[in-house]
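Naming follows writing order (A, B, C, D, E and F), and every chain is counted from residue 1.
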Amino acid sequence: MAIKQVERDLTFRERIYILEILKALRLTARHLFRNLFVHIAHRFGLLRRLRGGVTYQYPEERRPFSPRLRTLHRLTRRQDGSPRCVACMMCETVCPAHCIYIVGGEHPDPQIEKYPVRFDIDLGLCVFCGYCVEACPEDAIRMDTGKLEFSSYSREGLIHDLQELLSRSTTPPKR
Amino acid sequence: MPSLEINGQSIEVETGSNVLQAAEQLDIHVPRYCYHPGLSVAGSCRMCLVEIEKMPKLAISCHIQAQDGMKVSTESEKVKQARKSMLEFLLVNHPLDCPVCDQSGECDLQNYYMEVGQYDSRFLENKIKRRKAVPIGPHVILDQERCILCTRCTRFCNEISQSNELGVFNRGNRSVIDLAPAKTLDNPYSGNVIDICPVGALTEREFRFQCRVWYLSTQESICNGCSRGCNISIHYNTSLSYKAGGKRVQRLKPRLNPHVNRWWMCDEGRFGYEFIDHNRIESPQLRAVQGKLQTSDWEQVLQEVSTGLKTTLENFGPEGIGVIASPQLSNEELYLIRKIFAESMGVQEIGTRNPWEKEGFEDDFLIRGDKNPNSRGAEELGLNSDVKAILEKAASGKIKILYIFQHNFESPEAQEMLGQAGYVIFQGTNWNKTVEVSNAVLPGATYAEKDGTFTNFEGRLQRFQQALLPLSESKSDIEILSTLARKLGYPVTYLDAEEIFREWWGRTYQELEEFGELLNGQKR
Amino acid sequence: MEASITLKKIKEGFGNDVIEVDSPFQQDTVVIAPSALLPVATFLKEDPELQYNYLMDLTAVDYWKRKPRFEVVYHFLSVANSFRLRLKVPVAEPEPKVDSLTSLWPGANWYEREVYDMFGIQFTGHPDLRRILLYPEFEGHPLRKDYPIKRRQPLIGPKH
Amino acid sequence: MFLNVGPAHPATHGVIQIRTELDGEIVRKADVEIGYLHRAFEKHCEEATYTQCFPYSDRLNYVSPLISNFGFAAAVETLMDLQVPERCNYIRVILSEISRLTDHLTCIGASAMELGAFSVFLYMVKAREWLYELIESVTGARLTISYGRVGGVKADLPEGFEKECRAALKKTREVLKEVDELLTGNRIFYDRMRGVGVISARDAIAYGITGPFLRSTGEAYDVRKAFPYFVYDRFEFDVPVGEHGDNYSRYLVRMEEMQQSIRIIEQALDSLPEGPTNVDPEGEIIEPDLMSDLGKYGKTSGLLKNEVLIQPTLQGSEKRYHDRIAAPTKEAWLPPKEQVYSNIEALMNHFKIIMLGHGLRPPPGEVYFPVEGANGELGFYIVSDGTDRPWRVRCHPPCFPIMAALGSILEGDQMADIVPTFGSVNMIAGELDR
Amino acid sequence: MEYFIQFSKAFFIFNLVMGFMYILTWLERKQSALMQDRIGANRADILGFRLLGLFHPLADAIKLFTKEDFIPPGGNRLLHTLAPFVAMFFALISFAVIPFGGIYSLGGYSVSLQVLDLNVGLLFVFATMSMGIYGFVLAGWSSNNNYALLGSVRAASQMISYEITMGATIIGVLMIYETLNLQEMVLAQGETLWGWIPKWGIFLQPLGFILFATAAMAETKRVPFDIPEGESEIIGYFVEYSGMKFGMFLATDFIETVLAAALITTLFLGGWQVPFLGSDGFFFSGELWVALSSVTVMFLQVSAFLLKVSVLCVFMMLVRWTLPRFRWDHLMRLGWTIMLPLSILNILITALILLWIR
Amino acid sequence: MEIDFQGSLQTGFFTSRMDKMLGWARKYSIFQYPFVTACCGMEYMSTACSHYDIDRFGAGLPRFSPRQADVLFVVGTISQKLAPVLVQIYEQMCAPKWVVAFGVCTCTGGFYDNYATVTGIDHIVPVDIYIPGCPPRPETVLEGLMLLQKKMQNQKQEI
């Protein structure tokens, strides 16, 4: 087994405080002046490619995120604009937080048969595990809106109903 | 008595039984679709293939009679391969319906796919389309695409209900199950075809889309629809009560009892569970002086009732009290009523039978005319005084305080008598005509909400178990009666129905036989 | 199959107290009678061939409706030999009680408090057996199977 | 003087109470009270299906959630006797080590912040963000990833992951160098850490302490070496050990462990096996809604050969990657979406795995599976009764024994030393209280 | 007129300090942000102007003024209210003797840019600074809170021990400049050594400078010397303060930073002196000189003073955001066993050199 | 900035101006008390640190004394054992004060619906803004913070 001894003690140079402190100051000062320089350059429209610091100026500038990121839910639509969901309750079943409420109803088209009369997601419970998306056999629920803004002043505002979830999807083009 | 060997285990079976049944006795499950113990053998699904030594081909175990010296294998590679292929064949035209199919979760296609299938699909053609979601009767919806043509339903209609509504039409891969011309599936046992359908081809209209079956919990119970006492399971869902408006009991399913109902039950009983969650009395009520019923609390109502009973007993003796128990109550409750009112108070006449109740529909199979589950039990307990006489006494003022359980006295005559009665206490589950004229209302629990036993018309004592908690503020009748008795000063300390049962019957519920016991005329 | 030395030695030394021996997934498991817990643990710790110097984990399982109802489960580790051992002690209702291992491993202290907190199993000889994860006002033992997960208890007032 | 440190104290992360008895500034007696974040993890696991346990296991050690996620998965796999694909094991190693990095970064950063070195904290969190970006690109979430599955992982690595990963590791190394420069030789820091919070190897073992805390005392026990799991035995890495068992040793051990983690990740990236891809060259890539509609209306002609343009959040779990990341069994794993949309067999399989009471059902039995968590040995003891819900899940939390020892470690030190000592424990309340 | 000049000087210095304090709070945020690769506060706007977040301190001030004032139940009402005023008052009053410019003749008057030309100026500063401790001690004591008490005890002991070091360090400076008057001290630093090195304290007393700067920073109670506050340990002596009283403590911290910077500037960095700038212009060696008007010189010199103070402030911020905090006993050890002997050594060396020179 | 004419007519010009100014000051000077307990703390750190930098909104100064804090950030699961502490901290805060429920555990209890946790801190303290997410990404937090600022600006200011 490879074992590495990492123990060390301070050298005399380090023991006298001041040199190490200056070294540390040099490091932070380097950050300070580099960023200061870049910011000033930006004021004059220069060095646009360099970033002064790493901050993303949300809300004006958003951090790019991976397409896999699970964001706010949406329900997809059929070509007639109705929800693709058939109220099979897979997502409701698999949801560890029990944040999805579905009530099914009889659809006029016997090929489809079933549709959600009610479909609520309580974001106040949702843990964004993405299980609902994985469990959906109809590609009806997705978490790819890229929307991360869903704070609310009240608990009721956290419950998103069928219409709200649908409104985040567009009707797919005719094929 | 042939003796045969299945998967290396030997067993002796009765003459005439088939290999599948023999395997079942050894707890070896052989997949099957068309075979049903209560129906004739069709041998059409070919899932129950087994390998029998010295037979050239695989044999369908439901059709082969067990014979002496047979060596059967249900798990050999050949068998597995055959079942897999059979399943693949059955699924060729099966639609992608699991998301909308009510059967998924209890579907044998799904089960056997995971057990014996587990292959990747190879099907590269279009599926054949057939009719979907066709209502073929008041309770049943047919989906021809999902059907695997096992013909259990047609055999049921031919052999059990003998009404011949269903049949197989067309040939080859066009063959479908359909209604016979000019018929609808409306026999009184039509619900059973839903139970026996191994796939989602026949589904229940009432249950459709109400709840996914994997949310359901089950509890063993006894149907209280008539005095047959069919064994049933209550399928209920309490975790997702926001669905279907708080409906807890989702459906009833028959449970095998070879002595009573075998595998079947009637539609009347199957769909007669609505009262459990509907029109219930949810809290105790008291009638204000010359006024309407008002919601009250248990403490207050019981106080008033016990004071009333006590003062009547003191001033007028037991003759001042009338009790009308109900054949809807369990043996334990009736026993407790007898104990409190007859034995402790000395009330002489306790009636149960509603004299205005007419005999209902009756047939020679399951349905009985007496729509009460425990008339026989009440009789055996000796609570069979004349109700009409009690009511008359109440109307004439001889009986000051009248304690009615559960009964709905709708007839004008009874209404009139009740109107003249002094003080009426009602203990029951649902709002009805009697409640309207009562002074104190104690909400009791339905049979799904309590433990107990019923005695059916032939004297078979059968146990039912609690599935649900009493709705809202209602309480089990035993609890109400015990509390009342304690308030009256009688030492009644039963905690649950089982204690009463032990006192009455002398045995625990566990010791009661699985399919119930006949009374054999012993009186207790 | 080297690890089975442990099993062999335990069987030799405590034959009468061993209820069951098993190795599911190559994990040695011994079920012993509660009375033999301390001697077996001491033996495991001190035997020069075994050297189970670690009490890695101590927990309990509630096999509701089975008798005896509880099982206290110990996981030992011998760093020197890379052995692991699971030791199980059945504990019966109504007063579940086991000997404490705090005298051998001070680390057992908190584990035992946790088991007491969650299952209500008493450890005789424990220096300070009180609740650890829950507050003293809590009634019942939540990891018992008959404690419903959602049964809440009244909020306690500010006490800090 | 009695002084209550916590639970609402800046250094105790809000969930610990240390009741101290002070003599001037010297701690005479310290009594540690835990349980402020008890969330009934074990009870929840008994109520949830095996799949539903994963989100709960994420939140055990929320600083390195991937490790506990994979630990739980591996335990259930042992119970079910599943073999996961090679590539999946490599992915697990890579992500576990990234998780270990994030954990140590947070730990050292936070304890430095509590010592007043605020910039160090921000630098380290900055590095952590880059690693979070990596984790996000694989798992679809930064922290609570729900990525492990019984029999594999949720999705394959995205394209270009290797390059991004190497770049992020390079930047992380730079940050580590900066932090090293800021702290290691700084005498103020050294004085505060050296000789403080000392524990001997003997005591550490007696308390059952593992992980960096143990290794700082000179014991070299590491689950990855002693009981190699996944594919850890294929990589070369050192187990860093200290000598004094004090805060400074722990700091050094953690710093070195990060270097070793980077080393492991780089080796794993070098030798990452490709694994099989199942692509049928005849098929075309079509939209998911079209595919699912074709399936629903029975127009399945040739549909099997097509691939689906899978929605972004499920990327990496398509049919072509499926065998790379999932154990080849239908009992534990959701079939790929293409199959679910296009044929009844996979659809039924899909349903059987998700439906309550059907799902994943390990045979009755019990198993204890240890992994090297960021704080030490993280063990899952699972008892199965054959249903789709575990009968009992026990998580052996690595910081529990450390916290048990904390009281005695603190005694005799200064009041101000509570902060760095507590910081060096890297107490994660989620796994401590569960 | 005397009074007017005196008043306007006081007014000027007061506003200067307050302005400095304001800018410093802003600077602290922005500088730390840049050091940490961030942006820092920049959202507060007035009529759409954001000015790099300059309005954030204003918002802080308004908010603190209107926040509920709280006096802890078991505490002493009077002392609790008094404490922040004491602390702030003594920090402010020290500026009276700091010369922020030379002596100029303006409109016939000879104006010394120093509010109070005290011949024991340095002692005055020390006196006020030690008085300032009372503010912190009172705050901690009157809060009836263990943490606050710990904080104030720490504050007292830390201040006392570092004041001694400071005092001892100063002696070296005093021996060189032979005065206690700060203005004279600065004037003395206007000379040059060997014609090209300004005769600033830092060059004459390098060790003294380091020791004094350290001690002065310790007096400001900021990281790495923020033991009385020790945010993550004991939160601080002001734990029970809210609203503007707490704001005053915050402000006092910044004022003390400015004070420390001003003192260091005055004692070691030549105060308002600009190298080679005499009262009538730049004078370089030999023939090279640039004539400047008196007002320009004043402007340059005052700016030089402010610049030096600002640079020192920036430096102190740099230190504050770089280093970890000392432990209480390490700080004491540093103060008593390292810095005090060193400062005495410094006196000795200075004395020896002075003896040798003369 | 929208001007509420109705409001200004009713309350008078000065008060409305005053209100506006105070609202402005309060929203850009948020001294927060981070009551950090659990997982969400990690994202809270991220929000505070370089990549997101909550200080841009003037909320960068955490005060660990509730007396000095304006906004109580309740970050992470609150258990029944911890609830009294939270209540006490809230009561110790000086007016005006706001409470942010950070993460689903504080909003509603999240999926920790069990014997040990409080299902939503609004049962014990009033909540001004709910930021769901488990844990919320920093973007969500910042948006929540901006909503809170809006609320601070528009509400009736009390002195």
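Brief remarks follow.
The definition used in the following text is that a contact is a pair of C-beta atoms (placed from the backbone, for glycine too) under 8 Å apart; a residue touches a chain by one contact, two chains touch by 3 or more.
Keep in mind that what you see is a predicted model, and the values were worked out from it rather than measured.
Of all chains, the one whose Cα centroid sits at the greatest distance from that of chain C is E. Taking A-D and B-D together, the pair of chains sharing more C-beta contacts is A-D.
Inter-chain centre distance (chain B to chain C, centres taken as mean C-alpha positions): 45 Å.
Work out the mean CA point of chain D and of chain F, and you get 30 Å between them.
Put simply, the C-alpha centre of chain B and that of chain E have 89 angstrom between them. Separating the CA-averaged centres of chain E and chain F is a span of 36 Å. Contact with two or more other chains is made by residues 21, 24, 27-28, 31, 53-55, 57, 90, 93, 96-97, 111-112, 127-128, 137-138 of chain A. In chain D, the residues that touch at least two other chains are 7, 10, 35, 38, 40, 43-44, 55-56, 119, 122, 126, 129, 144, 182, 186, 188, 296, 341, 347, 350-351, 355-356, 433. Within chain B, contacts with two or more other chains are made by residues 98-99, 212, 214-215. Working note: touching chain pairs come out as A-B, A-D, A-E, A-F, B-D, C-D, C-F, D-E, D-F, E-F.
Contact residues of chain F toward chain C in the complex are 80-81, 83-85, 87-88, 113-116, 118, 124.
Interface residues of chain B facing chain A in the complex, by the touch rule stated above, are 97-100, 131-133, 208-209, 212, 214-215, 242-244.
Residues 31, 33-39, 210, 318-319, 321-323 of chain E are the ones that touch chain A when the two sit in their complex. Across the interface of their complex, chain D is touched by residues 24-25, 27, 29, 53-57, 59, 61-63, 73, 75, 79, 82, 84, 86, 105-107, 109-111, 114, 118, 131-135, 142-143, 145, 149, 160 of chain C.
If you check the complex, the residues on chain F that touch chain D are 35-39, 41-43, 45-46, 49-51, 62, 64, 66, 76-77, 79, 81-82, 85, 88-89, 111-112, 114-117, 134-135, 137.
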